Every structure is written in structure tokens, then in C-alpha cells.
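The structures considered in this document are given below.
There are two complexes below, and they share chain A, which is joined by chain B in the first and by chain C in the second.
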Partner chain A sequence: MKVIRVLDFSEFPGPRHEHIGPFSGQRFREEVLLPAIKEHGINNISIDLDGTAGYGSSFLEEAFGGLIRAGVPYSDIISLSDRIISDEDPSLISEVRSYIKEEGLKHAS
Partner chain B sequence: MEERAVSAFEWAGWVSTVILGLGGYIISSLGWRVQGRQARDLACRQDIHSSIDRCHAALTVFEDAVFSYWTENDSPVRLDQLLSYHRRCIIALRQVHKLDPFVMPDETLGELRKQATLDAESAERPLPLNSLRLKKFSRAMSKITEANYLLKAW
Partner chain C sequence: MKRIDSSRLKHQLRAGLKRHYRTIRPKGLNAVLARKKKRRGKGKLYQAPIEAPAKLDIYSSQNHRAFVSFIELFRQTAQSKGRVFISFKSTYRITAAAGLLLVAETDRIIKAYPNISIKCSFPPSQSEGRYRNAQNMVESALKQIGFFKLINQHSPKLTNQATVKRWRQLSGITTDGSLAASLLDSLKGVVSKSVQRKMYRGAIEAIANCVEHAYPQLRNDGLKIKDDRWWMLVGIDDERISVIVCDLGVGIPETLPKKHPQSLLTSIASTFGIIDQSDGELIRASTYIKRTRTALSHRGKGGQDFRSIVDVFPSAQLSIRSNQGAFTLTGDRFVDGTNHKESVSNFRDSIRGTLIEWVLSAEDFAK
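For the complex of A and B:
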């Protein structure tokens, strides 16, 4: 199981898009998440959110909700959310799930 | 004959002294134990109440900052402050949870962060006080502040 630590990406996760600020959710998705999914398969990765200074909701929505917009199947992303590690703040996991579900509903309709 | 009667009397005296002594010791021990338990319970309750106070204070600071950020033209509050205040709320709630366990309101905490920070860098501000974002934020905040685990009880 490949563990992706967001802390290795940045201690200060940024905004939604890179043009708004550095270490954005968009960049995390494009440079870390999608390549890892491609290399290891989505069922073989987990994501560790601990250790950073905190997450703005835009980062979370763009990184995880954005996976659906990038064409990753909803069922795969929901199962990925079960492998998110967030001991410091478990509310991040439920927030990420809510973005995945919202985006999934948008794509289904 | 007289000697034997005195001895029996003395013996009875010793026995009753020992019984009374033991009884007194047991009763005192029980009393001390009950008093100790009550003192511990009281201290624990006071700790819980102090934690609840700190939690309400953290939630109030967060709420004020969010309203300032979203409704004031020249708010001094920055986005990273909102994240930091939100984290303090979580830590304060965790402290209460540690002393008096309850189910952590993770979904509501996530909703608070969402309404406070989603697209905060790019969204148009200031918002009117009756905006949907602020209404949703207040609703989530009320869910936590009015929850049973933040009510003091003796």
C-alpha cells in the first residue's frame, strides 16, 4: 500500500487553484494524486492528511472532488476515502466524503 | 474462683475493645473512601466545566472571526486565522471529549470549515448577513453550541 503524505507535498496546503496561491489542491491532484493512482492503482494507495498546518476547504474540494471531474470513477474515489488517515482531525475525512458525494451527484445527473 | 471471674471480665473487655476498634477503623475507612471519591468526582466535574467554558470561548472566537471575514469590508481576519481558530475549536472539543466521552461531531465540524473557508480566497466579499453561507454556518455552529455535551451538569 502506497501511503501519500500531504506533508511531503507541503506543510501549508494552499487554495483551490495554483493561480490563486502555491501548493493548491489542483496541483496536489495533478502532480501527486493522479500520478500515484496511475502508478499504483487507486485501490493500492492511502492518503495521510496529518502533520500539516491545516486545510482550507477549497484545497480539499479541488483535490478530491476534482478527481471525479478528472474522470476517476465515483466508486473508486469513495473507497479511497475509506483509506484517508486523519488522526489529528477526523472531520477532514467526512468533509472530503461530502465533496466526493456532491460531485458524484452532479456527474450522475 | 474470684481470679477466674476477673480474667473473664478482662478478656471480655479486650474483645470488646478490639471489636470497637476494628469497627471504628472500618467505618472511618469507608467514610474517607466516600469523601475521596466525592472530592475526585467534584474535581473531575470542575475540569469538565472549565473545558466546556474554554470550548464555548473558542467557538465564539471562531464565529466572530468568520462573520468579520465574510461581512466586513476591511476585515483584519485572514484565511489562515480562520483555519487556526477552527483547529482550536476541535482541540477544545477533544478536551471535553477526553474528560466526558461523547461522539465527536465530525460532520458538523467539517460543515463549519466548509462554510468558513470554501473558496474564501476567490469568493466575492462582503456578504450580506442573510447570505446562505452564513445561515448554513450559523446552523452548524448552533448544532454544536447547543449540544448536550456542552451543557454543564452536576
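For the complex of A and C:
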């Protein structure tokens, strides 16, 4: 299982889009998540959210909800959310799930 | 008779002349003013000082009016004269929000007029009586948040007042989390890591909001410059923490109707009892945008949900001030001066920007 640590991307996760500020959710998705999914397969990765300064909700939505917009199947992403590690703030896991579900509903309708 | 010392003759003659002129020069107030003007130098016009208000504060209606008028005069003087002298001699109180706004406005004026001269004066540090400024907190606070550095004026004042010694301020253009985190680092040892992460969350969303939405066009203040910065202040004492993010943009009441469809705003207005289109009510409406969008299954994109701060920290108070309006939300207690947990107010004058402030009480420091 490949563990992707957000801390290796940045200690200071930024805003939604890169043009607003550095280390955005968009960049994390495009430069870290999607290449890892391509290389290892989505069922063989887990995400570790611990160790950073914190997360804005926009970062999380763009990184994970954005996977649906990037064409990754909903069922794969929702199963990925079961492999999110967030010991420091467990509420982040349900928050990420809610973004995935909202975007999934939008795409289903 | 005293003998003339030839080596000191020149000095003695000059001293004698001075004594003579003092006996024959005009007396009275006008003559004194004329001499003062002459001493200031040829070609330099006398610049009357701008009197800062007694309280640098935007919370009460009266103080808000005085502060905004002072800032407007400051800006107009900078535009028309090219040099400004501010007198803080009557100022004995400063709040973090007004301090940050003053720094931001000064920063902007200096960006518009890089060669401007801005100086200021203070009452004696141990003054009594009418100045009521024995602790001289204003000078300490302004030093702490970088006002003197900004105007390039030396201040020997030590920032040892408990209420201001841990104020920190900085500004930026992009949503750079490392900047926000560097300020929040001053909370280390006072609050838990968990609280620090939640403060980071609020700060990064507020800053992103400034960067993305605050500056769709030039600010209508006559300076005609593009200045898309945000300013942030973290203040901490034994009893509470304040985190303030501000911008000098067009304001929420201006951007809200342009950013969101009328149907959404109408829905919010009828659901949450938004009674009019005043700035205060529009700010209140803006705090319902995210949860209303989510409930309507529109794009629930997880944008800033400032309301959630009081869910996380029941002791917290959130204030959003934009243009002429203000909205305050509390967790487990009433907004000062009301028996409600939400309060909307409107002021006569506009702060020409937006200021978001969280105040957290000691009881939530360890959550």
C-alpha cells in the first residue's frame, strides 16, 4: 500500500486553485494524487493528512471532490476515503467524504 | 569695565546683536506664529496635523464615525499635500481591528505615494490629566504592529504592555499558508495544536476569499492604484485570542449580488429573514451561502463557512465588517449589548473594505 503524506507535499496546504496561492488543492490533485492513482492504482493508495498546519475546506474539496471532476469513478474515490488517515483531526475524513458525495450527486444528476 | 577678549570678540558681538533684536522684535501671538513659520524654512508650507480620534476603534457607532473620518482625512491630505503629520496626542485607546485597518490604509497610501512623508506625535509617556494615557498603550500597539516601521519613524517605546506585546501583523498578496502559519505560531504553548489547526483553517479561507473576490475592480478611494493585498493580525493575551484578516477591496455588499444568482439570494432572504439590502444584512446573507447551496444540491463546493467557527468554539465571537455594515455571531453567549446570538448593524460611513475577526476565549484554548 502506497501511503501519500500531504506533509511531503507541503506543511502549509493552501487554497483551492494555484493562481490564488501556492500548494493548492488543485496542484495536490494534479501533481500528487492523479499520478499516484495512475502509477499504483487507486485501490493501492492511502492518504495521510496528519502533520500539516491545517486545511482550508477549499483545499480538501478541490483535491478530493475534484477527482470526480477529473473523471475518476465515484465508487473508487469513496473507497479511497476509507483509507484516509487523520488521527489529529478525524472530522476531516467525514468532511472529505461529504465533498466526494456532493460532487458525486452533482455528476449523477 | 570688562576687557574685551579679542579671541571671543566675534561671539560677543553676535550675542549682543541677538539681545538687541529680542528687545525690539514685535510681540504678541501673530508675531510668534510668523517667527515659527519662518523657522520652518522657506518654501515649506505649514502642515496642520491631522488629529487622530481619542479612541482608535470601529466597534461603537461614534468611534466608527470618528475613525473613518480620520482615515478619509489622512488619505485626502496624502493626496493633496504629499506629506502628513498625525497627532495621536488625544488618543488613549486602540483596538486590534482599528489598528490593523490603520496599518493597511497607511500601507496602501505609501504604495500610492512612495515619496510621501508621514510623521506622527504622541503625548508624553507618563502623562496624566487630560491625555489619560499613563500606560501609553497606543504607541506600544502601533509599534508592535509595525506602524512606525512603515512610516520610517523611530519609536523608543518598549512594547511591554500585556495586552499588545503579543500582537503580530503581516500582509501578503497570494494565499500563502506559510505566512498565516507564521503568525499563528505565536499561539504555540497557549492553545492546543488542534485549536491552532482550526485557526489556520479559518485564516486560509478568509485570505483566499480576499485574494479571489475582494478586488474585482479598483477601489473607489481616489488613489487609483492596483493593490490586491490582505493584512492579518493575531493578538493574544491571558483571556482571549483575536485573529483578524482584512482587505481594502470593494466589500461584500458590492460583490455578493455579482457573484451569486438572484434566485439564491432570494431564497436565503426568505429562509433566514434577511429584511433589507443594507450592508449589514447582505453580510449576514453571505454567511448562509455555503450551507444554502449545499442544501439545494447546487455546487456545495466547501467554500468558507464562517458560521462553523462558533460550532467548533462555543465561546467564540465572529465579526464580519464590510463597507457600512457589520455582522456578529456568537456561540454560547449573547452579542454585547443585545439578547441575541446574531447581530446586524449599519454605520453612517464605509470602511471601504472587509475585516473578518474571530475572538476566542480562554475556555476554548485547549480544545
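Going forward, the second predicted complex is superposed on the first by the 109 of 109 C-alpha atoms of A that agree within 3 Å, B and C clash if a C-alpha of one lies under 4 Å from a C-alpha of the other, contacts with A are read in each partner's own complex, and residues count from 1 in each chain.
As a convention for this text, a residue touches a chain if its C-beta (ideal position, glycine included) is under 8 Å from a C-beta of that chain, and two chains touch if they have at least 3 such contacts.
Note that the structure is predicted; figures quoted are calculated from it, not measured.
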Fit-or-clash call for chain B and chain C when the two complexes are aligned on chain A: clash
Chain B versus chain C as contact partner of A:Leu105, first or second or both or neither: second
Touch count on chain A, higher of chain B and chain C: C
Touched partner set for A:Ala53, first chain B, second chain C, both or neither: both
Which superposed partner A:Glu61 touches (first chain B, second chain C, both, neither): both
Touched partner set for A:Pro90, first chain B, second chain C, both or neither: first
Partner chain(s) touched by A:Ile4 [first = chain B, second = chain C, both, neither]: neither
Contacts of A:Pro15 with chain B and chain C, given as first, second, both or neither: both
Superposition clash, chain C against chain B - the stretch among 4-12, 202-210 or 220-228 that is involved: 202-210
Overlap of chain C and chain B interfaces on chain A (superposed complexes): 15-16, 20-21, 53-58, 61, 89, 95, 98
Contacting residues of chain C [partner chain A, same complex]: 174-178, 180-181, 184, 193-194, 196-201, 204-205, 207-208, 211-212, 294, 297, 299-305
Chain A contact footprint on chain B (complex, rising order): 79-80, 83-84, 86-87, 90, 104-107, 109-111, 113-114, 116-122
In the complex, chain A residues that touch chain B: 15-17, 20-21, 53-58, 61, 89-95, 98
Footprint of chain C on chain A - complex, ascending: 10-16, 20-23, 52-61, 65, 88-89, 95, 98-99, 102, 105-106, 109
